[in-house]
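The next part holds the structures, each set out as structure tokens.
Shared between the two complexes below is chain A, which has chain B as its partner in the first and chain C in the second.
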Partner chain A sequence: MADTSAIASMEDREYRYRLPVSSDKESTFGDPYFPAWWTQSLQRIGLLLDLEENWDSYGARPIDRRVAYNAVQILQEIAPAGLPVPAIVPTANGRLQFEWHAGGIDLEFEVLSAVRILASYEDAEQGVEWEKEFDYDLKDLGEVLRILTHRVHGAVQAA
Partner chain B sequence: MTPPTGTPLPDFAQPPLSEVAISVQFEPLPRLVVPEIGLLWQHYGGKYPHVQQHPPVDPAIERLGVRRPRSRRPNIELVVETPFPRIWFLTDDEKELLQIQQDRFIRNWRKLSASDAYPRYDDHIRRAFVADLRDFQDFLDTNGIGRLTPNQCEITYVNYIEPANGFQTHAHIGKVFSIWQQDFADDSRYEVENATFSVRYLIRSDSGDFVGRVHASVQPVYRGTDDQTAFQLNLVARGKPFSPDLDGIMQFVDEGRERIVRLFADITRPEMHRTWGRKNQ
Partner chain C sequence: MSTGRSKLHDMAFVAYRDDETIAGDTLLLRRVPTNPAINVVWDDNLRCWRPSSASFEDHENGSPMSVVLSDTLEQLGRPMESALSGYETGFSLAAFPASLARANGQGVARDPIPEEPAHGVVFGKKTKAISRRLAKGSRWIVPPDLPDRGI
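And now, the complex of A and B:
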């Protein structure tokens, strides 16, 4: 497959993410290869990376690019197929918070570095609630993403 | 962490090694930029007289709970306005080198000619890595660049396996590797042309906690100079340091090296071990 780049220009900066798509036909991998959460999240992150110093008028820092990169890499590794699109919120200390509030589940996590993730989880349906710091073992975080995905898709199908 | 078997480590007089590398990844050092690299080259003086510039390598972190191998994910690169390169500092004979970027320190030994003997992990490879890493941290301290906060360690053995003991073509993969069933290769219904494989093994602590992985991959290759048939066997142990300091880094590297050596002996056939001069069975 030929290599093409999608470039979004914002003022005098460029944010480029390379997608291995064919130049003359649609990707043979099909839609699951480019899940909705991924493309929509990258677009959102691209906008947030343009926030300047003091973007909230209370001294907030610009978003750290490496943190954003780490966050997307980690989410790519553990996201189940069909993961709902997260809300992505900038924090005052230059990080990104990923949030889902659906299906009776509240899940938030913030990537502090390549090996530090703070997460909080509350499942009103199951009566489960925790706050944890993750490093290299992301099984539990991946598991709650899976629970969230199934809960949301189950609700969509029921409707 | 106890050794996998507790038996003496397999030892080969002429292992088919072509390259050994030890690497440590750390939190990025944004103050390690071009002028500081110039100071570092001055600091090295005649020890590493040659310099090359290469694109940086992406971070590689072993995590548990991963649903997709890296090769099956869309590749994302976050382009910064002035990406910092990976700088190679080479010895005069270019057999050994340091590779330094803002979040990685690597030391390589490589076999450049047939007469180059593997200088041994205990005798040289380990000692040289520790010395150079300590020296690098001292340089960072002296110049106010920052402290190394390691988050991943890696040791890589690249083996170039040449024909011997019935191995003549890539179809003879079963004569080299014990995990390839030779009966299948000999089955006349299947004319094997060549084969590749890769396997990942988990590394756990004594208490069962996830530490990292050993990756083994085999590819059929041809030598560039004379098209000689060979197999390239890459063994990589990658995982978290036992503690965020040099001792913790080397604990993982030692553990990874031991697992690689044992795995090498286990996945290759005893007939090939004789070619490589195995000293202990």
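And now, the complex of A and C:
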């Protein structure tokens, strides 16, 4: 009987990269039409899905695939044009956290489920700091992503 | 497989008290998976690689964050790098002072376990902002091997 494990593995990997793509971005993976944050985020999440139990040496769980799917979907929903590439890190409970630390801003959000996000925002320039949980209404989170994007691109242009 | 916590931790409602014998300048050591760069981030505000706040959270079962106490290591005649024993491949070592934990509403307690007599815990509610302050206030004892600038 043929060994199908390699094929299964390839299909598995293909599944990972078939994370959500909105209709207006219908194209093949790797197309230059995709923004940098999108392609790099998918690559990063693909790697993090390989983490095994206890990857942090303190008993962390592997990343939940549904959480990864939800995370990308949510980011796609709220990302403004030109969004800087996020750092994506796993959390001990098997979730994903997106982070930006630039332009005097620290922004982190963890995707708890398809409709729950815990976000922490700190803007040293404006003296603003908050931490809150979002559900369906992601307007405020989208707004701080726009501020971050504007701030980072402004700093690059000024340099 | 050691996950750096005692069986006591796995029992619910373990009460800890801040241990005053742990001086404010005692360093609290945390292993950070950095090879590959799993829990390390480029902080453009600080212009350095640092641990993510995700490295400074409680255990996934709710028990408090494990650390290794530098004062106990010193008493045992062990270098701080020995906190990475058994995890030399793939991990870096970050440290922050006990005073920083306390300034952020955390308590610090000794909790020796068979595989690590210098084991301790940092207990208290950890918001993302608190975890981030611990991460930003850390320094590398064993730094990751990463490029000078973020990508």
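Everything that follows uses one rule, which is that the second predicted complex is superposed on the first by the 127 of 159 C-alpha atoms of A that agree within 3 Å, B and C clash if a C-alpha of one lies under 4 Å from a C-alpha of the other, contacts with A are read in each partner's own complex, and residues count from 1 in each chain.
Rule of thumb we're sticking to: a residue touches a chain if its C-beta (ideal position, glycine included) is under 8 Å from a C-beta of that chain, and two chains touch if they have at least 3 such contacts.
Please read all numbers here as calculations on a predicted model, not as lab measurements.
Participant: Between chain B (first) and chain C (second), which does A:61 come into contact with in this model arrangement: first, second, both, or neither?
Facilitator: Once the two structures are laid over each other on A, A:61 reaches chain C alone.
Participant: Quick check on the superposed pair: does A:87 touch chain B, chain C, both, or neither? Answer first, second, both or neither.
Facilitator: Only chain C is touched by A:87; chain B is not.
Participant: Counting only touches as set out at the top, which of chain B and chain C does A:113 meet: first, second, both, neither?
Facilitator: Only chain B; A:113 stays clear of chain C.
Participant: Looking at A:129 after the superposition, I want to know if it touches chain B, chain C, both of them or none. Which is it: first, second, both, neither?
Facilitator: Once the two structures are laid over each other on A, A:129 reaches chain C alone.
Participant: Please identify the positions on chain A that touch both chain B and chain C, taking each partner from its own complex.
Facilitator: In chain A, no position sits in both the chain B and chain C interfaces.
Participant: Given the complex with chain C, which residues does chain A contribute to the contact?
Facilitator: Result: residues 47-48, 51, 54-61, 85, 87, 89-94, 97, 99, 101-106, 108, 110, 118-120, 122, 124, 129, 131 of chain A touch chain C.
Participant: Which residues of chain C touch chain A in their complex?
Facilitator: 1-5, 31, 33, 36, 38-39, 41-46, 52-55, 57-61, 66, 87, 91, 127-129, 132, 151
Participant: For chain A, which residues count as touching chain B in their complex?
Facilitator: Going through chain A, the ones touching chain B are 13-20, 33-34, 38, 42, 65-66, 68-70, 72-74, 76-80, 113-115, 135-143.
Participant: Quick one: in the complex, what on chain B touches chain A?
Facilitator: Per the touch definition, chain B meets chain A at residues 27-28, 59, 61-68, 73-81, 151-152, 209-210, 212, 239-240.
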